[in-house]
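For reference, the structures are reproduced in the following blocks.
In the two complexes that follow, chain A is the common piece, with chain B as its partner first and chain C second.
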Partner chain A sequence: MSSTIHVPGSAVQRPRATARRIWASSRHLVPVVSLLVLIFVLFSVTNPYFLSAGNLTILLTSSTGLWVIAIGMTAVMVSGAVDLSVGALVAFLAILFAKLLDAGVAGGLALVLTILAGALIGGGVNGLLIGRLQLSFLLVTMASLTAFTGFVNLWSETKSIPVSSPVTDTIAFGHVLGVNTSILIMAAVLLVGLFVQKWTYFGRDVYAVGGNAIAARLAGISATRTTVAVFAISGAMAAVAAVVGIGRSSAASPTVDNSVPLQAIACVLLGGASIAGGSGGVGGTALGVLFLSTLGNGLSLSGISSYWQGVVTGVILVGAVLLNRISDRGLSRPFRRANPPSTGAAPDAP
Partner chain B sequence: MASGPHGGGPRAGADGPVVGARPLLEVRELAKRFGGVHALRGAHLTIRAPGMVHGLIGENGSGKSTLLGILSGQLSPDGGQILLDGDAVTLTPPTRALAHGLAMVSQEIAYAPELSVAENVLMGRRLRRSALGIDWRASRHAATETLARLGVDVDVDRSMRDLRPDQRQMVEIARALSMDTRILILDEPTSSLDKHESDALFDVVRALKDEGVAVVFVSHRLDELFELSDSITVLRDGRTVAEGPLDDFTPASVIAAMVGRYGESPTPHEPRRRDEGRPAALAVEHLSSPRAVHDVSLSVGRGEIVGIAGQVGSGRSELLECLFGARAVTSGEIEVDGRRHTPSTPLAAIRAGLAFVPPDRKGQGLVLSGTIRSNLMAAALCNRRRLAVPNKRDEDEIIDGLVRRMRVRLHDTEDPVSTLSGGNQQKVAIGKWLARAPQVILLDEPTRGVDVAAKAEVHSLLRETAASGAALLVSSSELPELLVLCDRILVMAQGRVVGEADAADADEETLLRYITNA
Partner chain C sequence: MTTRSRLPQSSKIAATTGLVLLAISACGGSSGSGSGSTSVSGSSTASPSAGSSTVEWTAAPAGYVEAGGVQLPSQYPAPSKNPAAGCKIGYISPTNAIPGIMAEVQGIKNTAEKYGCTVVLKDGQLNPQSQVTGMQSLLSEGVAAIILNPLVVGALAAPIQQANAQKVPVITVDSPASPDGQNVAGTASDILQSRDVTAYAAAKAIADTKPGAKVGLLYPAFPAGNLQYQVERFQYWAQKLGLTVAGRGDVANDTPEAGSQATNALLQKNRDIQAIMAYNDTAAAAAIAAARTLGRDDVVATGINGEQGVVGLVQQGRVLMTWAYDNVRMGEEEGKAAIAASVGDTIPTKVTAPGAIIDQANVASYKPQG
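So, the complex of A and B:
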């Protein structure tokens, strides 16, 4: 035992230590929060209708699908991968849900089965190929994107299936205790996500695997299992989004929207995650989704073409990532080194 | 050719049982094949009792990393036995090795830079937990205590990337320790530490020893091995060629066992000529760079090898980066062969006749997945017109010349450079510049992670290069290396040159005084 034990967090230091901890864990949210505040103020000033309860409800409920998918994508991206197949998976699971209803399965059971199928396909196809066979996630999820797209078109004969079910109606338009069901779903998914990422071993394993896979392995974490799990989560979230989508349009559409994964990735990155994994979180992602939806909502209220939304998103995405980088390590870093250079860290001479 | 460092200790590769209690760890006849290559064929290693420090040494390619991979549960052996307390055990996957109390601090960077120190220490489901989930306060406390056991005092809330390299290493050791480790494997723990930090690490190893933790200590540096170990195992060609208590060995006998013959004594130092009449090959006046280099002046003559000593952070690496255009320069003048050189980009520096061999061979010096050929041609090609069609015959000639000149031991120049041993990789990293016949070669840690035998070879190659007229400026954390290799040695501290010595009449003590008194 060393005799020089320094006891940290003595009574005087504690408040400051706590403050520093909070700052350290929320520093990456500064860009997205400032952007969100900025456009909120901008739109409320330019359009009186923007802040109305009706519009804010629309803003939230219309983003349910993206919200849920982006939170699933957060798990995947924190682990160091990306899931490009969610768009195709949403269409596939929507058709599955509709076919289950057509086959006479009760709405609630069909919902559970669809979510299970999403988890099974996500974890079993993407997760196993990437985690167990060590294939590149880009390759695997692009391949499954293509395969699911083809399959869903064959299966549905490219026709939408009209759906009317109390379950989907409740999810899309119902209220529980006076609150929209879809907003409750968003809150529930976010809260569970926040808990899992911060207070469970699984959540921390995801960060460890994304932060450094070798270190995680040597510390006894199964990277395979973790990878399968995050893709299963992404698949399950795609199922939820599929059912929400059916509820809103009263039909299951086999059309694959490939902008979905890209939008979800944008939200996760806006929320402070690194494309390399190991950082970010569902809280930041939720803010990122709010930002994108607010931007779309505000622009369309102002009668500006929705295509501008894409342009603005692209510019802001790069800007936000740059901002994060600058706040992390300053502007000038000529050479990236395995052992970062010595700036200010001169070892003390004996 | 059983090499003979045994003065009555156990014979090399002997399979006779050890007299007395059952040893803590016994590795017998371990074999492992990768394709047609026998990485291990008959490796032995015995740690007699808890609290022993066991030195493991072998050239690159001797099977050392394979053995460590097996002991840490990352690879499963094709043959042989591993006994813990006399019982045969299986160590794969890593979780099982950890459960048996074997933990490794890898030579690779094995930490998550974005996560906090606390979480890096307790990585792998060892954060403290209450009924409500992870108890962060208790976890922070546990992490702080483990670090305190190592005499390290850092704020466990800081993110890992804000720590110095030596502190990160301590965090990795703390992680291994917090897993109830009985046998701690340290794979070249000092390769990125300076003398002062290494000493701190050795104190930690001794403290662990007193606590009854056995340590497998892997190092290329013989002095460290002899300072720390109780017993030593030497690997060559996948076999254990010598093992026994430390007293059975001398540095010379260890080298002999490693290379299979008695190594030659280091070439005596011979002063080299300096062309007084012509301008120096490299002349630097009052060079400064923000926060790293302050008002440095120096000159290197043709055929001269000048060393730069100093701790990590003293500015010696940064100085080389400045000269090569990889780091911003705020003031000062540089002349190469009498011509003014403004190091705006590495390309400008290359065109001015400079070459730079960076300290991180795998990350910066080579394209590891590329072929030996493409790596050797990398520097030669940068003056070509972009779209020029490569001329195979010319290239072959250049490659042949370089391979012969650098004495690279290889099978085929089309093999990936990663298949070479560390020493031969380094020869490629240096050799690629020689195609351009640079006037000034800047080298940072030219033999980091290279074994003793290959080190001597790299040194003599560098001497030959200097003799052919190039000026060499060598930055190194190893003082013996500088003393053996250089004509003159500059000492840097806090970005300034604080001393200069003629290598012929300098010794480690003198240099260390300069380094530490600054």
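So, the complex of A and C:
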């Protein structure tokens, strides 16, 4: 009679442990993935136009701006803050880009300078005030939202600026190996985000600061530098979104879309992040953006009144966040307060 | 161990670079904006092939018959007497941060200065409550008349009554937008932004370029009664001029993304649509972007407002035309109406603001006001 001897770390146990690790790190994505698959199947079955190549391309390209901004917002939210000024910064940087082109700066250089400016403004204004002076991120980013909006109106005289540049045209409508450039930008931003999040010390620092800033400081992590850096990333992403937006509309608009930061926050939360910081990740955020974009696209194609679209989107968002909560804490106690507070260990943290 | 990092050295470099950036962009100077020539002339429908026509401002393009057969004047009579010295004219904007508003305010100031008055501007901040507060504030400041560009007319019923009680005349802008609609109770006059005229001009531009084409309409599915009326008139004039209205796309909010999404839905369901009639230039540009992404370079659009941002698309022929408002002149007429009503003159209850068709033929000579 043979018997099996349990040997920890044996070849039989290792795949199970790996599977458990993968499940633990991606469990928070189950609600958003499930909902995404559900609506995708639903719209595919009910609408003959949904799966057409043209529609799927539009679905992705029209969400490029939100995608890029939401990935920047992920860094900010994982660090435990929120950037409410990002919509105004997009408008400001769009005007800056157009003015640089007007000044005779080449399109490529103008793009680089605009991204640099976004990083400098985001990090230098919001980042320093919040990270260095320890001011409330809500107050600071609301104040900078107001200030950027005023500055945009002053600078642009509330006039949009026509932009005709091969760079913006290529970004919005160009193709590389048959793939739309906007989609490639989305992929590149996601991959870089994943790399920074998983494989760099900075990525770990962001989770540490968001999870417990005091513990992070005690561990020798500079919370100030990390905060400045995440707001710089958010600013740089705002610049990319600004240029993408210019490409699609052939003009730099001074109009500030105040719904942008809220949509980005919704996507980050849908992706499994906590409003308290220390959790979430760019992978989840990307799924959140895909979910919101697919929902909007499908409802629009289905001919549902936009008033109802708003209602349906709101209800589904609440449902998604609730599912997240249930997935996180179990069906029996989804509303119980987390105790003790999160240590900051992100489900998909490195 | 607590780590308190000093301000990084790189911050100083960053600040310097930022200043250099701003300096470079500031050197670009004007982006081509400025006041356009505003001489009002007869009707104009420039030929799209001419290429060098000039912009002509008109209240009614050739061939246009106003809704309900109503013939409206395009200007107010000059005030019969001067107002009291140091009089103040109040203006409440929907928000100061939209193109054209400051040009309109400049027009009001032009007239006010001519009659020894000053203008008090209140920013509505896209908030009906701010407009109510603005009205009350203007009344407490003792203005002689109020020009009101309302967000939600119903929300202003009480302050309008209050103005009536203080014998302060109220002039509305584009509320209601219809030439045959009844003016808001308690208001002296309404200056229309020629929504019906613009709808005619847009439909005619498409009918001339693509006779019998199938068109899609972009509808503002957000609170903007005048723009919704605009789309109703698009439908009317499109059918009247032999076009087929294939469908309507609801634009959830006034952003390029929402315009793009609505256009996509329209073009997916109606693949033979050849033109999109948009309620403003932002929506027109979004429609073109969506069509281009779908590989539909043949789809054209029409816009409204004559915004600087759409000029390039008009030059390329992707946007067939936009209707530009002469905002300075409209403001001057509003100023005349306000002063005339404040001195007790009887003024027309409705006046149509002039505008101009901007197309490929005359866009080179067009200078947007905002």
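What we mean here is this: the second predicted complex is superposed on the first by the 316 of 350 C-alpha atoms of A that agree within 3 Å, B and C clash if a C-alpha of one lies under 4 Å from a C-alpha of the other, contacts with A are read in each partner's own complex, and residues count from 1 in each chain.
Simple rule for what comes next: contacts are C-beta pairs under 8 Å (C-beta built on N, C-alpha and C of every residue); 3 or more make two chains touch, one makes a residue touch a chain.
Everything numeric here is computed off the predicted structure, so don't read it as measured data.
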item: Partner chain in contact with A:Arg20 - chain B first, chain C second, else both or neither; value: first
item: Partner chain(s) touched by A:Arg217 [first = chain B, second = chain C, both, neither]; value: both
item: Contacts of A:Leu317 with chain B and chain C, given as first, second, both or neither; value: neither
item: Which superposed partner A:Ile58 touches (first chain B, second chain C, both, neither); value: second
item: Greater residue coverage of chain A in the superposed arrangement, chain B or chain C; value: C
item: Which of chain B and chain C A:Gly303 touches, first, second, both or neither; value: second
item: Touching partner for A:Val105 - first (chain B), second (chain C), both, neither; value: second
item: Chain B versus chain C as contact partner of A:Ala117, first or second or both or neither; value: second
item: Interface residues of chain A shared between complexes with chain B and chain C; value: 217-218, 220-222
item: Chain A partner contacts - residues on chain B that touch it in the complex; value: 72, 74, 93-95, 98, 103-104, 106, 108-116, 119-120, 123-127, 129, 132-134, 140, 144-145, 148-151, 153, 155-159, 161, 164-166, 172, 175, 179, 192, 194, 196-197, 207, 211, 291-292, 311-315, 317-318, 321, 326-328, 359-360, 363-364, 493-494, 515-518
item: Chain A-facing residues of chain C, complex; value: 1-5, 7-8, 11, 14-15, 17-18, 21, 24-29, 31-33, 96-99, 101-102, 221-222, 249-257, 260-262, 264-265, 267-269, 282, 285-286, 288-290, 292-295, 307-313, 368, 370
item: Contact set on chain A toward chain C in their complex; value: 49, 52, 54-55, 57-58, 61-63, 65-66, 96, 98-105, 113, 116-117, 120-121, 123-124, 128, 132, 149, 153, 157-164, 172-173, 180, 217-218, 220-225, 228, 245, 248-257, 259, 296-297, 300-301, 303, 305-307, 309-310
item: Chain B-facing residues of chain A, complex; value: 1-2, 4-9, 17, 20-21, 24, 195, 198-201, 204-205, 207-208, 210-212, 214-222, 274, 278-279, 332, 334-335, 337-347, 349-350
